[in-house]
Amino acid sequence: MRATVNGAERSLPPGACVVDVLRACGIGEDERALAVAVDGEVVPRTAWGGTRVPDGARVEVVRPAAGG
Amino acid sequence: MTTTTAAGAGPLVIAGVALPSRLLLGSGGYPSLDHLARALAASGTGVVTVALRRVEHAPGGLYDVVARAGVRVLPNTAGCFTAREAVETARLGREALGTDWVKLEVIGDERTLLPDAVELLRAAEQLVGEGFTVLPYTTADPVLARRLEAAGCAAVMPLGAPIGSGLGILDPHAVAMVREAVDVPVILDAGIGTASDAARAMELGCDGVLASSAVARAHDPAAMAGALALGVAAGRRAHQAGRMPARAAARASSAMAGRPGGSPA
Amino acid sequence: MTTTTAAGAGPLVIAGVALPSRLLLGSGGYPSLDHLARALAASGTGVVTVALRRVEHAPGGLYDVVARAGVRVLPNTAGCFTAREAVETARLGREALGTDWVKLEVIGDERTLLPDAVELLRAAEQLVGEGFTVLPYTTADPVLARRLEAAGCAAVMPLGAPIGSGLGILDPHAVAMVREAVDVPVILDAGIGTASDAARAMELGCDGVLASSAVARAHDPAAMAGALALGVAAGRRAHQAGRMPARAAARASSAMAGRPGGSPA
Amino acid sequence: MRATVNGAERSLPPGACVVDVLRACGIGEDERALAVAVDGEVVPRTAWGGTRVPDGARVEVVRPAAGG
Amino acid sequence: MTTTTAAGAGPLVIAGVALPSRLLLGSGGYPSLDHLARALAASGTGVVTVALRRVEHAPGGLYDVVARAGVRVLPNTAGCFTAREAVETARLGREALGTDWVKLEVIGDERTLLPDAVELLRAAEQLVGEGFTVLPYTTADPVLARRLEAAGCAAVMPLGAPIGSGLGILDPHAVAMVREAVDVPVILDAGIGTASDAARAMELGCDGVLASSAVARAHDPAAMAGALALGVAAGRRAHQAGRMPARAAARASSAMAGRPGGSPA
Amino acid sequence: MTTTTAAGAGPLVIAGVALPSRLLLGSGGYPSLDHLARALAASGTGVVTVALRRVEHAPGGLYDVVARAGVRVLPNTAGCFTAREAVETARLGREALGTDWVKLEVIGDERTLLPDAVELLRAAEQLVGEGFTVLPYTTADPVLARRLEAAGCAAVMPLGAPIGSGLGILDPHAVAMVREAVDVPVILDAGIGTASDAARAMELGCDGVLASSAVARAHDPAAMAGALALGVAAGRRAHQAGRMPARAAARASSAMAGRPGGSPA
Amino acid sequence: MRATVNGAERSLPPGACVVDVLRACGIGEDERALAVAVDGEVVPRTAWGGTRVPDGARVEVVRPAAGG
Amino acid sequence: MRATVNGAERSLPPGACVVDVLRACGIGEDERALAVAVDGEVVPRTAWGGTRVPDGARVEVVRPAAGG
């Protein structure tokens, strides 16, 4: 199965959850101030373990950056 | 220095939250995170804005610096061109930072970075409906400001000059009209280049000033942060003091009568 | 000529005397002596100007107020049209107040109250020769400022706008040229209407600001005195911090790269 | 004898000194922050008692007034 | 969208119609119709705006004056607060005057008379759809201007300052950005007070200027109409001539070298 | 275009000589003599200034160009720092060009090129005594202007901004005060950058404008010369027409009463 | 029957057309630069004679006025 | 004999007049718009032929140049 994570295509194991995506990106799930959206919908941190990422999904993983 | 305790001397209150300072800062454009940390401390600010960016583009240390500074984080929607993008970014900011405050930016083009009135208003309505506390970055347009207030925004943030230009307040008359048009707090955003600009904003009746490039790109950011804090305080107090009327003609401050060598009284 | 100690950090020093504040006040135009007393206290100033007038025109209490405030009295020669009048008035001021400092005013006409360059320079030369510490009120003319410095003046006091007009600094470029032209302290005198004007003067490189009508004729003189003190401090610090360069075009303070929903990095 | 004191003509006793002029004006000589000029020359306070005012002299008696 | 023919040389062309002058006039506020007639003649204008009002409020002679002047009548929608009102007024103007041109005004409040961006855009879209040639009075907002152009407007008319204020162009930077943002003609509307304002508008790149109160409320309206026509021509030609770059420092226009009495070459 | 023949509409008269235009030009800084010739023609000017330089530094063709243009030559004393130098240069100019008119420049330093009030006045007095018709380049200082008039100068030429800067009129208030202070013609000299600056000078009441770099360093000097001539005419006529008063608040130029759809009259 | 003409109520004869409204208002139908709307819809000049004004209608009769 | 002409030293024949200085500089005496000063005093064109240049004199020969 595949997903577009932060604009780049990645292959993921079938049935991968949000937390698996984070791990695949090398991001610890305990890291503070993270947010994840799957296909435009925010997935709350509490649901990262239980939310499956659909095949072909668009996943965004963001955090605060310098800005004005 | 004196302490004023008179009416109007209270803190800036946005959506029921009293802020420790009328100066808000951005977090972008600093030479280093250490410069940011020192500028936050020197400014006495209670609010700092951040953008939301994909993790690859968002080095990890920023949040720690801001958290250590003990200030409220205000996520923005910088770089969004449509209401849809802005709403999605606002939701990500709420999730990431645990705050429903958002500095709403919806720009019309990448060149001028000026707000798009139509999409901005649309996004504001949507986000207010979702429970956000919305602080929109807007043109200095009193009619649009009133619409944003009517949509439920918690403040309006008119621009003094294009973002990052440091040109000051290009149309003070327009900012004064915005101030008269709404009851919510007015925060001058964008254009501030130095302390006198910040003072001028407050003298026009603004309730606060957000500075970003003025601090980050000063030769000594922490010193400029302090200077802007003083400028905001100076302008605020001058506004409350009620300035003398300006007049075209001179008027002596020493009496002419009674000069030695003159004629009898 | 004065020597500035550490790079811009120390107090304003005129003729070897370090002053507690870079804000100087006038004593004219206040609703009452009590207002003056409170404004002096609120301002933190170390210098207040007074005129010299025949006793019938000079109610007695002023000197007491100023003396109690613990500030240095700076007699002026306001209302003098010729070098001769100004020199005589300066001598009376020295005798009355026991100070050889004098704010030298020689005006060209009663309507504009603008300085007369020729008589001013003549008076300055004479008074310096008599041992006075001369602070001349002058047009914002770098050439004349250099002549006044060459004549031995301890500072120069260019005007921002006509006395009592509150129009601010009408020609900032000229004030900046005065600052570049001389080594003695530059005190912006006349024209200040509100705090941002004072901040602007300092950002232009001035070493101090003298305000008179701006305080005396404000709705709340003491509050405005405090506001101007903050404005002077703000402008001074901003000047030292080194402001960002102004630019016509916008420049984002949040990066465009890495926006959620954008293309891959 | 006569003198013009602060622009107004006054008659004074012959041989009047500066201090006499002050008294005639109702001004105490101990008052602070006073200055006196006779015919354009300042007379220091220490000399008030000993300086005669010439007949027809122009005398100025000043003190600080509100000014900018 | 218009096509400009030769490089900036030709007349102002709106919706395919070449106009005899780049100055447009209003018809309101004159001391008498005779003053209006003489101002129209003196100005050389080819376009005059009129309002539509109930017959009881519209004395009959105006149309005759305008018709005799041989100029194109441009009905406006002044006083409309909503798109619906503006559309109805535009239709009445089309019927009354036999022209599908309309100066579209949709204001946000009676106090500032500033445009309401949202309603303005809505009305513009509707009227373009009905075949009108729409010239919208707008804030000096390049993003809104681009939206109005995209909606099919034949020109955009950014304001220099509030209607009837005579304050000139409060934010020249904004007007220049509007000019860069669109391809349709840009007509500076509102704020012009005197000839130098009109020249400045053209130097900023505007294609024309609409003046109303500046003429009607001048002491001598016809003379001011002529002055504005000259000012527009002056600014237009200066814009085309390409002005010298401004610089902070002086630069001699007579060489220093070779002065008599100097040192050898 | 209309012809005004009313009072005040006559030509500029200096020392009894009526000039064909209120625009005066410099001759320095042009890309070529041909550019100068075309600019003179396009401007309609009747006066052109020249410097006096040692023959090795003064290529021969300039005089021919100016003579062929049929304009009055006005020798200047550019580059002189003292009254003595200026007087000697003025005498050389009188001998070389057979005119007793002189544009008197005595500058204080090479950096700012600003006038030295003291030496300027001294030179003016000397030259008037020798029968010269003196047009002094001066700071925009009404007191100095009155002294120059009293010394017998035929006009005064206050500066708008430093020579060659193109910054326009930095302190319009000062120029207006100069105009009120003297009866001789006031010619705005230095600082003009474009047509609206020239118009503004005339609106402030100036009787003429001298432009040099604005023309010579424009992309198309002849076109800019024409633009400035229009600008001068525009400003002059606007000044005579009597501009509307500026006001902070908006004021409708279309009546609100009688709008269709409104309430009854 | 009644209509609101330019904001004021008027009584009109039954079956009145636009042209009758104009006459009732003292306006000649040949006058130039007039426009009429009935209930928000413009009635072209050519239809003034044949367009009935409904009872209770809102009629607007306008012409050019001084404006900026 | 020597003179400083336009800032440069030159040797001139003894008894040289202004006109000789001009010739030595390669300047035609008929050239228009010239002016000459010797030791700070203007020598009118009519006197060029008859005015001797003193030994050590400072001579200035000028004409119009581009200026503002």
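Going by the order they are written in, the chains are A, B, C, D, E, F, G and H; count residues from 1 in each one.
Everything below uses one rule, namely that a contact is a pair of C-beta atoms (placed from the backbone, for glycine too) under 8 Å apart; a residue touches a chain by one contact, two chains touch by 3 or more.
Treat the numbers as computed from the prediction; the structure is a model and nothing was measured.
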**Study point:** Co-neighbours of subunit G and subunit E - touch as defined
**Key:** F
Practice item. Report which interface contains more C-beta contacts, comparing A-C against F-H. Key: F-H
Practice item. Using mean C-alpha positions as chain centres, tell me how far subunit C is from subunit H in Å, no decimals. Key: 53
Check your understanding: Any idea how many Å lie between the Cα centroids of subunit B and subunit E?
Key -> 33
Review point. Hey, how far is the Cα centre of subunit D from the one of subunit E, in Å?
Key: 70
**Study point:** Interface hub residues of subunit E, defined as touching at least two other chains
**Key:** 26, 28-29, 51-54, 56-58, 76, 78, 88, 92, 112, 114, 162-164, 167, 173, 212-213, 248, 252-255, 258, 260-262, 265
Point to revise | Residues of subunit A engaged with two or more neighbouring chains | key: 6-7, 37, 60, 62, 65-68
Check your understanding: Between which chains is there touch?
Key -> A-B, A-C, B-C, B-D, B-E, C-D, C-F, E-F, E-G, E-H, F-G, F-H
Revision key, fill the gap. Counting only contacts in the complex, subunit B reaches subunit A at residues 26-30, 36, 49-60, 62-63, 66-67, 73, 75-76, 78, 88, 91-97, 163-164, 190, 212-213
Review point. Can you list the subunit E residues touching subunit B in their complex?
Key: 107-109, 112, 114-118, 121, 139, 141-144, 146-147, 161-162, 167, 170-171, 173-174, 177, 181
**Study point:** List of subunit F residues in touch with subunit G within their complex
**Key:** 252-255, 258, 260-265
Revision key, fill the gap. Contacts from subunit H onto subunit F in the complex sit at residues 6-7, 25, 27, 31-37, 40, 42, 44-45, 60-68
Study note, to complete from the structure: Touching subunit B in the complex, subunit D uses residues 6-8, 37, 60, 62, 65-68
